[in-house]
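Shared between the two complexes below is chain A, which pairs with chain B and chain C, respectively.
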Partner chain A sequence: MVSTTDTTHSGDRDADTQDHVASDHIDDHHHHEAPYGISRWLLTTNHKDIGTLYLWFAFIMFLVGGAMAMVIRAELFQPGLQIVEPNFFNQMTTVHGLIMVFGAVMPAFTGLANWMIPMMIGAPDMALPRMNNWSFWILPFAFLILLSSLFMEGGGPAFGWTFYAPLSTTYSSDSTALFVFSVHIMGISSIMGAINVIVTIFNMRAPGMTYMKMPLFVWTWLITAFLLIAVMPVLAAAVTMVLTDKFFGTSFFDAAGGGDPVLFQHIFWFFGHPEVYIMILPAFGIISQIVPTFSRKKLFGYASMVYATGAIALLSFIVWGHHMFTTGMPVEYEIFFMFATMLVSVPTGVKVFNWVATMWRGSISFEIPMMFAIAFIVLFTIGGLSGLMLAIVPADFQYHDTYFVVAHFHYVLVTGAIFSIMAAVYYWLPKWTGKMFDITLAKWHFWCSLVSVNVLFFPMHFVGLAGMPRRIPDYALQFADFNKWISVGGFAFGLSQLIFLALIIKACRHQGESVSSQVWDGAEGLEWEIPSPAPYHTFETPPIVR
Partner chain B sequence: MKFSSFISYMSVLLIVCLSFAAQAIDTGRSNLNMRPGVSDISNQVYGLHMLMFYVCIAIAVVVFTFMFYSMVVHRKSKGAKAANFHENLTVEVVWTIVPFAILIFMAVPAAYTLIDMEDVSKPDVTVLVTGSQWKWHYKYMDNDVEYFSVLATEQGQIRNQLTKTQNYLLEVDRPLVIPTGKKIRFLITSDDVIHSWWMPDFAIKKDANPGFINEAWTNVNTPGVYRGQCAELCGKDHGFMPIVVVAKEPAQYDAWVAEQEAIAQRARDEEQRLLSMNMSMDELMSQGEKVYGAVCAACHMPNGEGLPGVFPALKGSALALEDIPGHIRIIVEGSPGTSMASFAKQLTMSEIAAVVTYERNAWGNDTGDIVQAKDINAIMYGKE
Partner chain C sequence: MQDNKHDDEVDKSAHAGVRTPLDHTKTVNKILLLVAGMFCFAFALVPLYDVFCKVTGINGKTNTEAAVYTATDIDETRTITVDFITRTNSGMPWEFTAQTRKIDVHPGQMNEVAFYVRNPTNRDIIAQAVPSVSPGTAALYLNKTECFCFQHQPLKAGEEALMPMVFYVDPQLPEDITFFTLQYTLYDITRTVDKDTVDVAMN
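Then we have the complex of A and B:
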């Protein structure tokens, strides 16, 4: 009931700017009375345009952040200092992390949410289209500010993406002010995006689309959006305290003034741990869309998937201490955080089991999105299992701040989050463009990425266990052989993404065979009932969901 | 895509991974896995690590066996028809309860080990460990022994001008010395940013937080030389502050302590003697250059130009050209709110005199000023 009323309102609002649309008017939207050329993108309030902007922005940032990773791997190719100075090396690790987290993974998921959530719940657009425009268009400025700080005297942020005080306060360069400002803008953008997702899902579902009928991608994004609203303000508080400690004489994190540097870590990780799940829950949603399609079988345990996602989100608020086992916290806290962290593996395990059970006795085929989804399940599970090892406090004392941790979080973020994003792009790209992408290129992309990513990240487990600390520009000789391999894998993985770039550019030029509205044999859901390519405006009359 | 080719690609991948592992094991280096270490606790930690590792392998094998079986047997190209089930309460309860049981099986021994690790009571020897950018300071609380421990690897090796030697980046000028078979308590703190004192062979990694003191302990079974590194990003030279611990038999340790106390006493006598002496410009400059290279060059750079925006230049700076007392004071007192720490503990008065003289006469800072140890004494203690 509510949803019908709201969709009408939203339709009225759109009529102001874009007065005619027909669902057969699909190939070319330049004939609208809507703005043309660059202003079309600047002024757009259309969820599909904004989704495209987010996805391109994320991809560009992925390449920029990747280029920084190449600098890091080039320096670490051999022992000794060859290419960059340690201070610049630290800027590369810091900005690589910030860009990949806030510039690549999060905007990519927001882009997918923009494109797909309205189409999956039968809504004509996002609930707050103008805010949607605003939340995207402040992002490029945030990253322009961050990147420009690299060219300041003294360089950009060099204190790690976790910006522990007092390294980020008393001991940082003056560009810290720019870093703080840019993180604030990123946070505002994320919060606005999250509000939009929640309002859209709450109010604009098609009649009959009850909560327990929503596709899992929508469910996981709904929960992610609540996490974002809960923790982005905490991050904003943390950077503000860093700013006042550095420039305005406060002592939040300075013992000499009555503060505590470990307080910073508590605040940061109270944000940071839910943030980790912000980057993986939508991935769970994507895999839960793709696996049933190519298994031609309903998702196993839909309800338990929803509850497991909720459980993971709730647990994410009581496990932050596991990032801080070596800070000298009391043994009782260590035991609490160890148990709470291990608990996370129960709902996460349920998800993996559900995916396997969905494949079990299905009718499986191996199209590109499914290949990425299967790679996700295997490699994410490896990252999850090393995460379980990291939860064991006595062993964590040995793993903490080594390459073992670097291996762990790159398995869950690269072969986890980023592989899921690639799976999603391959899954929905034909729906967006109306053409099948270049399958040969896609296979090259998949296999090159899969092999190189493992050459890149798997040996990091070994060097970490053998004692190589993270964030060092130079290392002892016993780590040399593996680091060479890691760098080779890194360069290969970086180059493999250029295949993806070529494929996407081809797809954007609408090259390839036309596809049906369903695209994939076995795909179910509202997004597959609208034509391919999806018309500029969809579901102006809400569909009825049985 | 054809399944047969999917499987063949997968096997190629597997072979690549295995040959990786085989190569590493073949060469017989211990650079694949955690070291068991040399204390009872570190051996327990190693045991926990291996237990966890095998449990994880077992979980992975079970899950992936089901998955790969399904991928082989239940594929469309083989004519598989999809079944209809999408729920099964029994299965879902089982795969929630079983992991839970596995977790408890792992958590209980971990908690016992952890409680042992955090019990720092009744130590035989206590050492105060202080991190600062980018060196460690050790102070024996029960003896009159304290000193700094800094990276001993030459810059030439780091800059690839010299061949790298075996303990590249893992060697220090003065290692920490401890007795075997005794409970050693470490009090760990920092003078500036957060560092982390990590000795893998003792399974100790504890953050050094400025303004707070953390505790850790070990009891080493085997004499030997053990190497570790700072584990928490602490700025530019985070990768260049190693930790070396030498564990000696108690008798040898006692002899070492006595020797160190004697050396410390001689150094104090020498310092007093130097106060009444004047050194020549050449002596001051050559000693000053050494001290500068070892202590100051990390931030202010060998050419005195600093790192613009991060560390100020000394070449041509007002401080190094004009204000002599200010110049001395910033070295002995440090500059609050900046990276400039006090060096009064690390350097002797004659070393400070030499380095001040050097900074005032190197790189074109041709002031001609000569600063003697007694000038430092005057600033530090207010007496001539």
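Then we have the complex of A and C:
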């Protein structure tokens, strides 16, 4: 995996140290002057600019979706209806989910891919830079459409992010059309992003960068991109069927016309289950970059990590039925989906084992990215274990549609995907800005987030097991105490993210100590061989990887 | 423009593993084919699902066409209890009840039951009944030679009617099934049926 920048391409130039070599690559002599101001960002085809745009967009959406979560938690602070109308509550749960999935987690990973993949494989940019610009800039419009539907007569989407028919067809408001179009735009954006990642990795690797030398973040993203290509069109088809059922008189999901509402769930979850792995595989890649750096050891079991990622991706296509155990599926099918689902824990277990084995007898230091990575490993495993409980058919009949499910997917998505994104930002931020971020603020952010996120999500297991249903604005009195704690944890977690915002703004102003090109003591890989901050153009002459 | 320059430079360096923009087009086309294929596949799932359900009987749907009674031996050693449940979809104002709530039948034996409907409103309504059998596997062995669910059912304002259903249970019915439930749900489809059909149906 160790790669060195080869100097022979620079030919006539003298280059003794890596830093010199890298500065050769960034010689700007033949470039036009970059546009500045707003047009720099509107017209940019630079992978680093687009990565930054994606990351800022994701962060803004994270705060918007988070604000909706605050509305939900404020309403659930005590039993009874006090702050919002039930219909508005439903819109909040729906749009919170849609924004966090399609607006925060997925664009954040795409942003990291844009920034890091070319730098990690020694490519000068993404393969299709103009499409890259396009795939980002349609995204704000998708969410503008979605958010504006909240102000329409009858309100925005209120049928849950899973938009089950007939809730989204017979019983939805007219703004469903806007929901459908915004999901179409998000899907097109994701597909374009995925195409770009695949073409870049297939065609633009530096000489000597064979597939089995690629950093794991690149590997996991390659597999994620294929999942996106496979299932985003299915989502597009599902929303199209909802659109025609609602507005054009078709009966895909309408029993009276010969359709079947259960078919909707099959199609949706055929998309939906690979989708949840789209949101976790890049996270696995990030953790596999960070843990070796701060353990000062090579990643344990590199090849098994690659194969485990592939296995998880393949299994994701045959487990969708575990979302539908209570739809009256025959017992043979329930058993098939139960065992297929449990099988997922094997490759996932391989990954967790490898991370722990990487740390074993390493010289571990606990910098901020490592703290987030370790929190990820522990908390994601808790989420994985509750997932295993949900996979068991008879148990799932009890847990289905309760807060236990909410606890499960928030552990894997918040302390899993989002913690990994935060870890990645802390890991690569000094490379992006050239300055070390404010470590004191980062520690505050970490510890406040860690404590509050567990106060927020852990008690959800208990109220869920006791039978509290999800997506309901009111609840029985016996759940009151736990819900109070959950809400307090929620507000604290929300406020903790403002520390992160302050830290990022500070970092973007280039305050702080300058860092070396390697930044972290144990960091290895091509991205650590170019200077910090990473110059606007890198690897215009490909490095040779040995 | 900048990007073309990159590509030119890359071409000149001519390293193994660095490719030309032409290769990008090829790769992109292959991926786009996959995207289009998956979009079509999702729509193909609709008929595939119906075929799959018909073969395996997993969603309790019965045949939508009349079965032909082939004289089979009546298996008098077995008695199957069939339960009838009726319901109307929300917004469907008809009264809808089964005249026979429960019937004991022998496999192979023809049986006739009837359902009572009344349109208590002052407007003409066309209904469609959708059957569902539980456990789902029994649906494969429920043969209906005559059923109101095969056609649209029109009722003028205030009208009432008895709707017949003739069926027999296939003697191949698995041994472990001694009891199953047939449920009919009535849907108001007046709005989705076009105007001409309504007039024909009502007269």
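What we mean here is this: the second predicted complex is superposed on the first by the 514 of 546 C-alpha atoms of A that agree within 3 Å, B and C clash if a C-alpha of one lies under 4 Å from a C-alpha of the other, contacts with A are read in each partner's own complex, and residues count from 1 in each chain.
FYI, a residue touches a chain if its C-beta (ideal position, glycine included) is under 8 Å from a C-beta of that chain, and two chains touch if they have at least 3 such contacts.
Everything numeric here is computed off the predicted structure, so don't read it as measured data.
Asker: For A:F270, using the defined touch cut-off, is the partner it touches chain B, chain C, both, or neither? Pick first, second, both or neither.
Answerer: second
Asker: Applying the touch criterion given at the start, work out whether A:A255 contacts chain B, chain C, both or neither, answering first, second, both or neither.
Answerer: A:A255 sits against chain B and chain C alike.
Asker: Looking at the overlay, what does A:A177 touch: chain B (first), chain C (second), both, or neither?
Answerer: A:A177 sits against neither chain B nor chain C.
Asker: Taking the superposition on A as described, I'd like to know which of chain B and chain C A:P469 touches: first, second, both or neither.
Answerer: The first partner, chain B, only.
Asker: In the superposed arrangement, which partner chain does A:Q398 touch: chain B (first), chain C (second), both, or neither?
Answerer: first
Asker: In this superposed model, does chain C or chain B come into contact with more residues of chain A?
Answerer: Touching more residues of chain A than the other partner does is B.
Asker: Can you list the residues of chain A that meet both chain B and chain C?
Answerer: After superposing on chain A, chain A residues 255-256, 260, 262, 328 contact both chain B and chain C.
Asker: Show me the residue ranges of chain A that touch chain C in the complex, using the header's touch definition.
Answerer: Residue positions touching the partner: 9, 30-32, 45, 124-125, 127-130, 191, 194-195, 198-199, 202-209, 229-234, 236-238, 241, 249, 251-252, 255-258, 260, 262-263, 266-267, 270, 328-330, 333, 540-542, 544.
Asker: Given the complex with chain A, which residues does chain B contribute to the contact?
Answerer: Result: residues 1, 3, 6, 9, 13, 16-17, 20, 24, 29-35, 41, 44-45, 48-49, 52-53, 56, 59-60, 63-64, 66-67, 70-71, 74-77, 80-88, 91-92, 95-96, 99-100, 103, 106-107, 110-111, 113-115, 117-118, 133, 157-160, 164, 166-170, 188, 192-194, 196, 198, 200, 203-207, 209-212, 214-215, 228-240, 307-310, 336-339 of chain B touch chain A.
Asker: Looking at the complex, which residues from chain C come into contact with chain A?
Answerer: Per the touch definition, chain C meets chain A at residues 1-3, 5-6, 9-10, 13, 15-19, 23-24, 27-28, 31-32, 34-39, 41-43, 45-46, 49-50, 53, 56, 58-61, 64, 89, 128, 130, 134-137, 185, 187-189, 192.
Asker: Using the touch definition up top, name the residues of chain A that touch chain B in the complex.
Answerer: Contacts found on chain A: 79-82, 86-87, 90, 152-155, 158-160, 164, 166-167, 170-171, 173-175, 254-256, 260-262, 295-304, 326-328, 331, 334-335, 338-339, 342-343, 345-346, 349-350, 352-353, 356-368, 371, 374, 377-378, 381-382, 385-386, 388-389, 392-395, 397-398, 400-402, 443, 447, 450-451, 454-455, 458-459, 462-463, 465-467, 469-479, 481-482, 485.
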